[in-house]
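First chain A sits with chain B, and in the next complex the same chain sits with chain C.
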Partner chain A sequence: MKKTTWNTLMARHPALFALILFVIIIIINAILQPGLFALETLNNNMRVFLPLLLLAVGQSIVMIGGGIDISVGGIASIINCVLATQVGLNGSMEDMWKFIFISLLAGVLAGAINGFFIAVLRLQPIITTYATGFIYAGFALFLLPNPGGGIPRAVADFYRTTTPFGLPLAFSVIAVIVLIWWYVRSTRFGRYLYAVGGKADAAYQTAVPVNWVVFSTYVISGLMAAFSGIAITMLSGSGNAEIGSGMTLNSITAAVIGGTAMSGGVGGVAGPIMGTITLGLMQNIVSFSGISTWWETLAKALIIVVALAAPGIINLFIREKK
Partner chain B sequence: MSKKIVMIVVAMLTVFAMVLSACTPTAAPTEAPVVEQPTAAPIEPTKAPETPAEVPADDGKFTIGISNPFISSEYRTQMIAELIEVNAEYMAEGLTTELVIESADTDVAGQIQQLQNLMAKNVDAILVNPGDVNGLNATLEEALAKGIIVISVDQELNVPGVYNVGIDQKEWAKTSAKWLAETLGGKGDIVQIEGFPGHPANVARMEGVAEVLAGYPDIKVLATDTGKWDEATGQQVMSNFLAAYPALAGYWTQDGMAIGALQAVMAAAPAKYPVVVGEGRCQFLKLWEEVLKTDPEFKTIAVANPPGVSPTGLRIAVNMLMGKTVDTTKLGGVNGESFVIAVPWTVTNDNLAAALDVCKDKPDAYLLDGIMTNDEVLKTYFK
Partner chain C sequence: MNVSLSAQNIVKHYGGVVALSDGNLEVQSGQVLALIGANGSGKSTLSKVINGVVVLDGGQLLLDQKPVHFSSPHAAIENGIATVFQELSLIPNMTVAENIWLTQEPRNILGIIKKKEVYQKTNELLALFEGTYKTKLNPDTPISALPADEKQIIEILKAIRLNPRILILDEATASLDSRQVQRLFKLVNQWKQEEKAIIFVSHRMEEIFQIADHYVVLRNGKSVGTGMIKDTNENELVKLMVDKTSVFSFKRQEKVKSLELKPICLKVKKLKTDVLQGIDFEVRQGELVGIGGLQGQGQRDLLLSLYGDISFTGDIQLFDEKVHFKHPHAAMKKGLALVPGDRAKEGLIYIRSILENLLLPSWRKYGTPLRMERSRKDALNVSNSLNLKMAGLQEPVSSLSGGNAQKVVIGKWLMRSPQLMLLDDPTKGVDVGTKAEFYSLLTRLCDEGKTILFYSSDDEELVGLCDRVLVLYDGQIRTELIDASLTKENLISASLGVVSEVTE
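Let's turn to the complex of A and B:
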């Protein structure tokens, strides 16, 4: 009896486990780090998590549609290099806005290239985006061979220290994302997205424009990667062509911890948002637990593995009890 | 039905936000606010120091934090181990507490998080081995504003107020380049294997090499390729070079790749070895000894890139925290805030035996090193 309850619960609410984990991690972190909820600490954490959060949301949408995008880090790097080289430390606000707009267009374009290969030419998503990821990372290196450049200090300070409504800036961004997603889900596109990710053939037979839906998921992912690139540029205040390379895999991890299924058709944006914060707080927990340096990496990796495996382990236990 | 989740989450976030805004005092940013928490059962005996940064934490001892974003190299492993060792001296004297070490493979955002965590732990000084030349600037300035002493080790930063401790990378490369040019008698064909293109240390080193070689017009650089500071890649690149240019007079390379490059030459087993640039690592010295058995005329040089600059930086930090005054006339570098450390080892055939002696009880990966003593640091850099 209990088995069905748990299983159906998990099937219906894939983000439920992410939510449980999220709460547990917050509690552990708060115990180890008593000042966690002070506005400054909270903002310090959230401003670091936001770039990955934006990337993970885009990644989740691709994954819901049944694909995967491992070029997102490369796109974020391009945006970082464009802003750092074109705006510069002494650039005007006008330039900043102009190049933020250009960055978003570049993100959409990069996503559209991925989408074209995958939806129109029907290439494997993982191989395609792996390859285009190198192209994007290479292009970033071409734009900015040596780390340097930057954006005006005022822009970086705005990102780092603004706290609208007495809350970290990231909370407002999250609220906007959740509201938009809430609306999108109720549209026809939202329903198509899950249909395509769940069973593309069946969706096709019921006259869902599968190609367009798949194409659009990569465009959305490219756009989110551009936002992520803007955020990481504002966080670091400078340019580095390598900046996004480590973020790709983290975005997938965050999405999966957030209950997004690699097989498609399952997930949302609340999951990756919680997943990203969970992933970031895990780092804090390892840091504040006072564990020996040499064990830090292993400890963090173990926590991630446990977090990923936990739903399966729980299922196993329930099955055995029966 | 899944709409429900979204609603639940939104509701949760709202509640979460309300709770937060309710219990967060609009505190001045420099305070270390103690927020009431359900910490009824402290799991561990956490002794989180709650004092402002300037005042040394519990019973006047200093706490020093380390931030390192890259762990997959022997250099960093040796660095961390030596930092712990040197700090143990000061702990025994009752001057410092246990080091707070943030060390894991991570990116710019991750290192910013490392630094923020160190600040949250109220350290008195931060030693940072920066993974990005500019990306940490704003965060380091926040640390300075809290009265924390910030020292960048191994990599020079240009942030006013942040001190640098390290060797002069350009001079370091010039030493071996000059030796190579002179040993070749000022003429011959050579190749170069460089580290990561664009990495500041590599850029400085290659500039140094180019400057030296400009003075020897008869030395021709046939090709330059990157070995990515990786032994296997260095070996592969060298094999390709040997196939393309069998009559090389010599080559210039850097630490991390010299072992692989020499192994490639050894595999080709030439009658006469080229003049090569090596690295200050025990494994290289042992290969060197081996080659000398087959070719007694073999010439190479190893200039140490010492991880010991970090523990030396720790000594500087402790003395600064104790209120001793830095003799600013002794500092150099981009912004005049760099403690430039002398290279402890330059090994040629003349002193190979002495260097091999050091390696006797060390693992192959050990890097020839030098840590300044407390007295040396005081005498060299303080008033």
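Let's turn to the complex of A and C:
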């Protein structure tokens, strides 16, 4: 009987494990770094986490729909290069707004290309987005072969230092995302998303517009990647075509730690948000614990593996006991 | 709300396989039409054409005398046609309420789903089967937590959520218990009063006679008989289902009647799994025993549990030795071999060469480092003895036809010279010529002293080839057919659960 309660609990609240891990990591981090909750430290952390957080939310939506998007890093790179080359350090505010708008369109377009290949031509998501990811990364490199360019100082400062309601800017962004997600989940589209990821042929037999739903997940992911590219440009204040390359796998990791299933149909947005912050704080812990830089990557990777494997280990343990 | 549906000369093929060549049926308001047929007769295909899951290749559908064309399930649903799918169209991770109302959720102006209304409407539907649930079912229960019969009920409720005009019940009673079936029939009678038209696809004769008004019998993709249920009886329907013009040309050589003297190879007692309800039988060495029955009656479970692939309870004796295999490897060591039902997925590695596929289970035999020359020679011997038509052992299995690919599956086990071979529908999708080769191969193997347990969905094959046929029904051996009683009529009526034996 114990088995069903744990399993149903996990099934109903896929983010439960992420929450537990999240709390543990915060406690450990707070012990190592007592000033963690000071506004400035909090903001320093959150503004760094925000780009990956946006990416992980988009990734999670694709994964709930049964796919995966490996091109998100490339899309974020393109946006970064577009803004850094087209707006420039001395650009006007109008230009900034104009190119933010263009960036969002570009993200949607890149996502639509992925969606077309996967939903209409029925290609494998992992292969397709791996390939388009190269195209996007290559295009970013074409736009900006060497790191450089930039955005107006005022815009970067706004991103780095604004603290609405006495809280980091990222918190407001998270609040908006959660609110929108709550709305989406309460609509038919939300149901379709889970149905398609859960069992696509059954959804088709029930007259769910499966292709359209799959297509839209990649568009959403492309849009989120564009937001992420905008955020990372504001954070760094400059352009670098390689900036997104490491973020793709991190976004998948954050989504999985957040309880989104690779097999589709399970997950949410709160989980990946906590997953991203958990990943970031792990990095902090590793740096604060005085592990030499040689071992940093290894230590981080070990924590991630344990975090990913933990639900499986718990299940195994329960099965054995039974 | 009068409605009539008529399907005329429906043709449907999947690739080269013709599933339906001339499907006809007609149903009207207030009628229950039983769609009957043996394995592979096209029942499911015909119902899938009507509900838009597959697009027909020929013929036409008339709804209220007007021709209609359904290019997707959506189009059929719009026209008031709902289906209870045999393989269920439920999403395991979603709740009962979410599943029942998927795509039809009531919404407010902002597009937000009205949860209270969904909840209340779900409870109203659940009330239809009140008292037959074994679990504490509520609208928030996830589907994956439900037992098979309750999933089936949810599937039925999902089909009637929209008050359809035409309802297709495709094997809807398969996993229900008798109380639930009676409740369903009460509802069906009520729906008849409401002028709905119902198509009832089933293989249970007693249920057909209890609920249906009309019938259509399908045989080999053609409708071969139609009429009123009250003017017919079980035996007449069975006769309609049986193909008289036999294409089965294989003549089995008179077997030396010495089986009684042979030792018992396999003895199974009280074998139980989730599907099997307690199976007892014995097989002597050199015997070719068929397993028959409609698909999904536990045949696959029987073979897999013998092979140690799924867990079971019960006693199995192999040549007087008690065995309980927990893993296929243990079974292989004792000389068992399984030719699985889905050769593409379970039997072969299509992109690798014939040689590699043949040697896969027996590499251990060739030592370290591998004696490649000897292994190649052995593989060549086996492929020659099987008369494998190929360009060479190096060619990938994907270059072979279905029949030759299946020979590779059998060949890879012959390399281990097994004692007992378990065959799961090995001639599915195999051409007629190769089938005949299989039959002589199987009899030859038996004469050499190998024992074969042979499940087939092809009734002719079982009757023509086997020494004995065990007919499974609902996870039990319903009948054992041997010698004179081993006829196609008896096999089909036993498959359908008809108790009395048909004699001509």
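Worth pointing out:
Simple rule for what comes next: the second predicted complex is superposed on the first by the 322 of 322 C-alpha atoms of A that agree within 3 Å, B and C clash if a C-alpha of one lies under 4 Å from a C-alpha of the other, contacts with A are read in each partner's own complex, and residues count from 1 in each chain.
We take it that a contact is a pair of C-beta atoms (placed from the backbone, for glycine too) under 8 Å apart; a residue touches a chain by one contact, two chains touch by 3 or more.
Only a predicted model underlies this, so the values are computations on that prediction, with no experimental measurement involved.
In the three-chain model built by superposing on chain A, chain B fits alongside chain C with no clash. Here chain B and chain C are compared by how many residues of chain A each touches, and B touches more.
Touch criterion not met for A:Ile180: it reaches neither chain B nor chain C.
In the superposed pair of complexes, A:Leu308 makes contact with neither chain B nor chain C. When both complexes are overlaid on chain A, the residue A:His13 reaches chain B alone and has no touch with chain C.
Of the two partner chains placed around the shared chain by superposition, chain B is the only one that A:Gly268 touches, whereas chain C remains out of contact.
By the touch criterion stated above, A:Tyr204 is placed in contact with chain C alone, chain B being left untouched. After overlaying the two complexes on the shared chain, residue contacts for A:Ala195 are found with chain C alone; chain B is out of touch.
Overlay on chain A (Cα): least separation between chain B and chain C is 7 Å. Shared interface residues of chain A (contacting chain B in one complex, chain C in the other): 12, 186. Contact residues on chain C toward chain A in their complex (touch as defined above): 53, 72-74, 77, 83, 85, 88-94, 98, 102-103, 105, 107, 110-113, 115, 142, 144-145, 158. Of all the residues in chain A, the ones that touch chain C in their complex are 4, 8, 11-12, 183, 186-188, 191-192, 194-195, 198-199, 201-209, 265-266. The residues of chain A lying in touch with chain B in their complex are 12-16, 19, 27, 30-42, 44-45, 48, 51-52, 141, 145-148, 150, 153, 156-157, 160, 165-167, 171, 174-175, 178, 181-182, 185-186, 232, 235-243, 245-247, 268, 270, 274, 280, 283-284, 286-290, 293, 296-297, 300. Those residues of chain B that touch chain A in the shared complex are 1-6, 8-10, 12-13, 17, 20-21, 23-24, 26-27, 29, 32-35, 37-39, 42-44, 46, 48, 71, 80, 84, 101-110, 112-114, 116-117, 120-121, 132-138, 197-198, 200, 203.
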